[in-house]
Amino acid sequence: MREAVGKLVGILLVLSLASLPVLAAAPPLGQLALPSLESLEPQAKVSVSISLDASLLAVAAQFLDSGQPEDRAVKDVIAGLQGVYVRSFTFDHAFVYPANAIDSLRKQLHTACWQSIMSVRKGKEDSTVDIFICQLQQKARGLAIIAVEPRELTIVNIVGAIDLDKLHRLEGHFGIPRLPEAK
Amino acid sequence: MPDELLAAARAGESDGFAALVRLHQARVFSIALRMLTDRALAEDLAQEVFLQLHHSIRSLDSHQHLVFWLRQVTTRRAIDRLRREHRSETISLDESLGLVAAESDADPLLRQHLQSLIGKLAPMPRAILLLRYQEDLDPLDIAQTLAVPVNTVKSHLKRSLAALRTQLSGLAPIDESGEA
Amino acid sequence: MNEDLDKQLRQALRPVDPGEDFTARVLAQISAKPRSLRTHWRRAAWIPAALAASVLLVVAGVYEWQQRQKEAGLAARAQVVEALRVTSQKLDLAYRLINTSSRPPSDRDSGA
């Protein structure tokens, strides 16, 4: 019975949507085409894949309680963002992923609005972190972080102008580490 | 005033959106026309762009952003269309195509000749030339619009202009691919 | 010669207006969407009474849909929090990498 009801709702929704032209929007500035990296999943102990576009962020915001200080702070951080995308893999052993896994991503970060704002390499720990910002007419349009560690590979792409000060205020909540004070 | 029109359009006012269409239709149509070299196709493409604008208008936060968006979406769609259809890059010299503004001060024959030569360029260098000389963008803005490195833009501009100069001076025909 | 060509190109490539008809056609396409939905609703007003029961089924279905939306919303919320956690973690890593490489060797040796 429930299934039948669900199907009927589905059919009615499809019929009403069919009268609207479906127009694929161009990806917003600051959004990267992330490599799928599906081949890494079988080798990874932990895989995280998050894709939240503007509509999903709006849905998430509806379920953040403005009456709770923590939720309000998260709402504040994501207000005005058009997308949040994360791909993260944790492995049991060091460097099981190919060095060129993210070449296509790095190529995108050398075009158009993207510029590197930080690039840290620590040979002893074999860790690197590259941070890029996409800027248009003096306004931030996106942030990209590529963190390569021996047992962890992480890519973050935030579309829109993320306020790192507001992110700073989240530390200590939701398992978010405390960041050192900015100098 | 344009920011007010955008605000009105974002609020769902059809008059505001109509005013934005009138304000930018020449820009969008001209890019489409000079890329596709076919009036009917250019009108179709321009209409698609404005329909997409209507759908996406709430994601645009300033008039500057809107103009950037229009240029980007129009040139990308035109480039995709050209590549997909492998359209011939030669065009008719028929003035009724109206590829060049009638009120232009340029010599009519030179206008047509220039348009014919531009129509022989490959999609990317053609788009770069249009953004430079129709839209008056600098190479960095063109690079952002087309999502290509700025050196690629400069290289294409240099080669395209050299080829145009050579052809205009009557020394050699332009390479069909528009590439050096 | 360069300036001449630049000037000639700018003149030749001045924008061409497609005309007032173009604007009207764009607006007609946009306004056609809600009109077709309104027509659909007017027809629905004449649906025979036998279909009224279907409306009740739809209401029940909407409730089910709302429950699924709530689950999806809570899942999206969790994903946002996780994404921000990962972002902060990697920013922290960047800071630590800079910090440990800029400290003098004696500080690092002490394990601080």
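All chains are identified by letter, namely A, B and C, in their written order; residue positions are counted from 1 within each chain.
What we mean here is this: a residue touches a chain if its C-beta (ideal position, glycine included) is under 8 Å from a C-beta of that chain, and two chains touch if they have at least 3 such contacts.
Since the structure is predicted, the reported quantities are computational estimates derived from the model, not experimental observations.
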Pair of chains with maximal C-beta contact number: A-C
Chain closest to the assembly centre - both centres taken as Cα means: C
Distance from chain C to chain A - Cα centre to Cα centre, in angstrom: 14
Length of the line joining the C-alpha centres of chain A and chain B, rounded to whole Å: 33
Inter-chain centre distance, chain B versus chain C - centres from mean C-alpha coordinates, in Å: 26
Multi-chain contact sites of chain A, meaning residues that touch two or more partners: 21
Set of chain B residues in contact with two or more other chains: 51
In the complex, chain C residues that touch chain B: 1-2, 5-6, 8-18, 22-23, 25-27, 29-31
Residue ranges of chain A touching chain C (in the complex, touch as defined): 2, 5-6, 8-9, 12, 16, 19-21, 48, 50, 52, 56-57, 59-60, 62-64, 74, 77-78, 84-86, 88, 118, 120-122, 125, 127, 129, 131, 145, 147, 149, 154, 156, 158, 164, 167, 170-171, 174-177, 179-180
Partner chain A, residues of chain B touching it in the complex: 48, 51-52, 55-56, 59, 64, 68-69, 72-73, 76, 143-144, 146-149
Complex contacts: residues of chain C adjacent to chain A: 33, 36-37, 40, 54, 57-58, 60-62, 64-65, 69-70, 72-74, 76-77, 79-95, 97-101
Contacting residues of chain A [partner chain B, same complex]: 21, 23, 25-26, 28-29, 54, 82, 110-113, 136-137
